[in-house]
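Chain naming follows the written order as A, B, C and D, and within any one chain the residues start at number 1.
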Amino acid sequence: MAAEEETGRRVPVARGGTTAPGGLSVGRLEAFSDGVLAIVITLLILEIRVPEPGEARGSLGHALAEQWPHYVSFLLSFLVVGIIWLNHHATINLLQRTDHRLLVLNLLLLLPVTVLPWPTDLLATYATEGTPADQRLAVLIYGLTSTAMAVTFNVLWRYLRRHPELHKPHVSDELLAVRNQRFTLGLAVYPVATAIGLISVPLFLALMLALALLYLLPTPDMQV
Amino acid sequence: MAAEEETGRRVPVARGGTTAPGGLSVGRLEAFSDGVLAIVITLLILEIRVPEPGEARGSLGHALAEQWPHYVSFLLSFLVVGIIWLNHHATINLLQRTDHRLLVLNLLLLLPVTVLPWPTDLLATYATEGTPADQRLAVLIYGLTSTAMAVTFNVLWRYLRRHPELHKPHVSDELLAVRNQRFTLGLAVYPVATAIGLISVPLFLALMLALALLYLLPTPDMQV
Amino acid sequence: MAAEEETGRRVPVARGGTTAPGGLSVGRLEAFSDGVLAIVITLLILEIRVPEPGEARGSLGHALAEQWPHYVSFLLSFLVVGIIWLNHHATINLLQRTDHRLLVLNLLLLLPVTVLPWPTDLLATYATEGTPADQRLAVLIYGLTSTAMAVTFNVLWRYLRRHPELHKPHVSDELLAVRNQRFTLGLAVYPVATAIGLISVPLFLALMLALALLYLLPTPDMQV
Amino acid sequence: MAAEEETGRRVPVARGGTTAPGGLSVGRLEAFSDGVLAIVITLLILEIRVPEPGEARGSLGHALAEQWPHYVSFLLSFLVVGIIWLNHHATINLLQRTDHRLLVLNLLLLLPVTVLPWPTDLLATYATEGTPADQRLAVLIYGLTSTAMAVTFNVLWRYLRRHPELHKPHVSDELLAVRNQRFTLGLAVYPVATAIGLISVPLFLALMLALALLYLLPTPDMQV
C-alpha cells in the first residue's frame, strides 16, 4: 500500500482537466464528521438509567437525586462535543479542498470523540462510588480523553495551517494567527483542569463545566 | 477565550474578498441538527423491550398489552421530535448565513432534544408503576423537557428575528410576525398541558398527543 | 395552530421575490430521511447478543447456531430498510421542491421505519420460543409494521403524484404511471406474505427474504 | 417487480429534457453511506462496559486492565471502518452519477459494515475466555466479516470501473489501473491475516492493527 508512496511517482488523476476542486471532498469530510459528532452527542443520554420503581427508599425523587453525577457528566460531555463541533466547523470552513492526509488526521480527531461516552459513564459512576484511587483514575481517563481531542484537533489545525493551497481564497494570515493562539492555548486547558481535578470528582466536574461554558462565548475570529 | 471579545477588536476575516456568504455554515448547522434529530427519533424505539418468553401469564399478547404506556410515549416523543424538525426546517430555511451566536443557540436547543429519550422512558415506566408522587414527578420531568425545547426554540427564533442581516432576501416582515405569534403561543402549550397532566399520566399522554397531532396540521406560513 | 388554516388567508412569503424554489427543502427532507434510514439499518445489529462464554453446552459454535433466527431477521430487516431507501431515493429524486404536507407525510413514513428494530427482535426471539399463538402474534406484528411502511409510502407517493407543481421539469406521465403500478402492487405483497407466514415463523422469514431479494432486482423505471 | 426488466422496455424518464445528471443521486448515495459508516464507528464504544464498583479485586485499575481486548478490538474496528470510509470516498468521488445497480451494490457493501460491531464484541469477549476452538471461531467470524467488506467493495469497484458513462470527465485510465491493483491486492489481506490469526487472538489483533495502520498511509493515487 505504502510502497507507491516511496517511489514518489505522481499518478496523473485526470487528463487535461480537473475534478471539481475538492468541494465534494470537503463536503464528505464535513458530512462524516457531523454524523459522528451528532451521534456521540445523542448517544450520551443512553448512559442515564431510569430507576426501577421501588429503588432508593421507594421514592423516584430520591432515586433520581442520587444520579446527579450522571446529569452533570452528561451536560459536560454534551458541551465538550458541542465545542469540538463549533471549532471543527470554523476550521473546515476555511478549506476549499482537502487531501488524503487531512482526511486521516480528521479520523484521528474523531477517535477520542467516539470514545467519549465511555469515560463519561466512568466518571459519573465513580463520582460517588469506589475508592479515592478509583475516582482519581476516572478523572484521569476523562481528562486524557479530552486532552486527546485537543491534541488531535491541534495536529489537524497545524496541518491545515501549513497547507495554504487547501484554503479558500482570502483567508487572512491574521485570522490564522489569532486562531492559532487560541487553539494552542486550548492545549493547556484540559491537562491543567485534570491535574487540579485529581483532588475530587465534583471539583473536576465544576471546573470542566466552567471551562466549557467559557469556551462557548463568542470570539471575533469565530465569526467566519 | 472570551478576552478577545472584551477588546471589541474586529479580526479581519479576509483581505479584499469574502468567503461564500455563509451558505456552507447554514449547511452544516442543518446537517448537524438533522443528524441529532434523526438519531433521537430513531433511538426512541430502543426503550421498548421485547418481553421474555413466558412473561406476563405465559402469553406474549398479555405481556405486550401491559407495555401500552411505552407505545404511547414512543409515539408522543416521535411526534414531538418531528414537530421540532418541521419548525427548525421552516426557520433555518429563512437564513442565508449564520453566525457564532446562532450556532451556540442551536446547540442550546439540541440539549433538551438529546435528553428526550430519558423522560420518555421515565414517563412510560411510571405510567403504571410507582406512587402517585412518582407519577407526578415523571409527568413534570417530561413536561419540563418539552418546555425547555419550546423555550430554547423561541430564544433561537428571537435571535434570528432580530438579525435581518442573516436572512435570505425577500423574507417579509409579515411572515416573521405570523410565525412569531405562533411560536410565542407555543411557549404556553407544554406548561399548561403539564399542569393539567399532573392529575394523571394517561391524561397527560392523551393531552400531549392531541396537541402534537394539532401541531402537524399545515398552516399557511409554513409553506416556505 | 390550525386556526389560520381555516381562514384560508395566504401569508405572503416574500415581497417581490422568491426564495430558492425549494432546493433546500428537498435537501433537508433527504438528509433527515437518510439519517433515520441509516440509523435504523445500523441499530439492527444491536439486537444480536454475543453469547456468554460457557453458554449452550460450553461451545460458542452451538450458542451461535441457536441464534439463527436473529441472523435471518437481521438480514430481512436490513433488506427491507434498504428497499425503502432505494424507493425513497427514486421518488424524492423526482421532486424539485416540497411543501409542508409532504414533509408531514414523510414523517408518517418514517414512523414504521423507526419502529422496525422492535418487531425484528420480537420475530427473532419468538421464532423458536413461546407458544404457537405467540409466534403468530410476532409474525403479525412484523407483517403489520412492514405493511404500514408500504401504506405510508403509497400515501406519500400519491400525494406527490397529484402535485405536478412540485416535480422537476420533464418528469414524464409514463414514468409516473409505471411506478404507480409497481408501488400499488407493493401494497399487496406484505399482507399476503403475512397471511401465509402465520403458518410458521421460518416460512414467513423465507417468504419475506425471497420477496426482498426480488425487489432489489433493477427495473427500467428506477434508473432515474 | 422484476417482470418489467425482462421485457427490456425502456421507460422514457423525461420528455425532451433531462434531470440533473445524477448529482443528487451521488449525493444521497454518499449521505446514506456516510450516515451508516458514522453510526457504526460511533456505536463501537457501546460494547465497552464500565466496570461495576468493587469488581476485579476491588480496584478500578484492575477491572479496566482486564478489559484490554475490548480496547484493542475497538481500535481495530474503528480503523477498519475509517479505511472503508476513505476508500469509499475516493471511489465515489470519481462518479458523476449513479444507477440502480450501483446503489444495490453499495447496499451490499454496507451489509458487512453494519454487522461489524457484533464480531468486534465477539472477538473482544473470546480473546481471553472460552476454549481454543471458541477463540478460533471468533477470529474466523471477524475475519470473514472484514473479508466480506473487501469482497463487496471490490464488486462495487469493478462495476464502477466497467461503467465509464458514470464517471466524471477526465478520470484517467491510469488512475483506475493503479487503484484496481491496490483494491485487488486488498482482497488477499484479510484472508491471510485470518489464517495466521487462527493461531491466537492476540496475534490476530496485532496483525490486523498493523495492516490497518499501513493502509492509512497515503498513496499518490488517493489524492483525488
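The rule is simple: a contact is a pair of C-beta atoms (placed from the backbone, for glycine too) under 8 Å apart; a residue touches a chain by one contact, two chains touch by 3 or more.
Every value quoted in this text rests on a predicted model; they were computed, and no experiment measured them.
In this assembly, B is the chain whose CA centroid lies farthest from the centroid of subunit D. In this entry, subunit C maps onto subunit D through a rotation of 90 degrees when their C-alpha atoms are superposed, rounded to the nearest 5.
At the interface between subunit B and subunit C, two copies of one sequence, fewer than half of the residue numbers in use appear on both sides, so the contact is built from largely different positions.
Averaged Cα coordinates give subunit A a centre that lies 24 Å from the centre of subunit B.
Within subunit D, residues 31, 35, 38-39, 43, 46 each touch two or more of the remaining chains.
Across the complex, subunit B is touched by residues 1-2, 4-5, 9-20, 24-25, 27-28, 31-32, 35-36, 39-40, 43, 46, 99-101, 103-104, 107, 110-111, 114-118, 121-122, 125-126, 129-131, 133-134, 137-138, 141 of subunit C.
Across the complex, subunit C meets subunit D through its residues 30-31, 34-35, 37-39, 41-46, 48, 50, 53-54, 58-61, 64, 74-75, 78, 82, 85-86, 89-90, 93, 168-172, 174-175, 178, 182, 185, 214-224.
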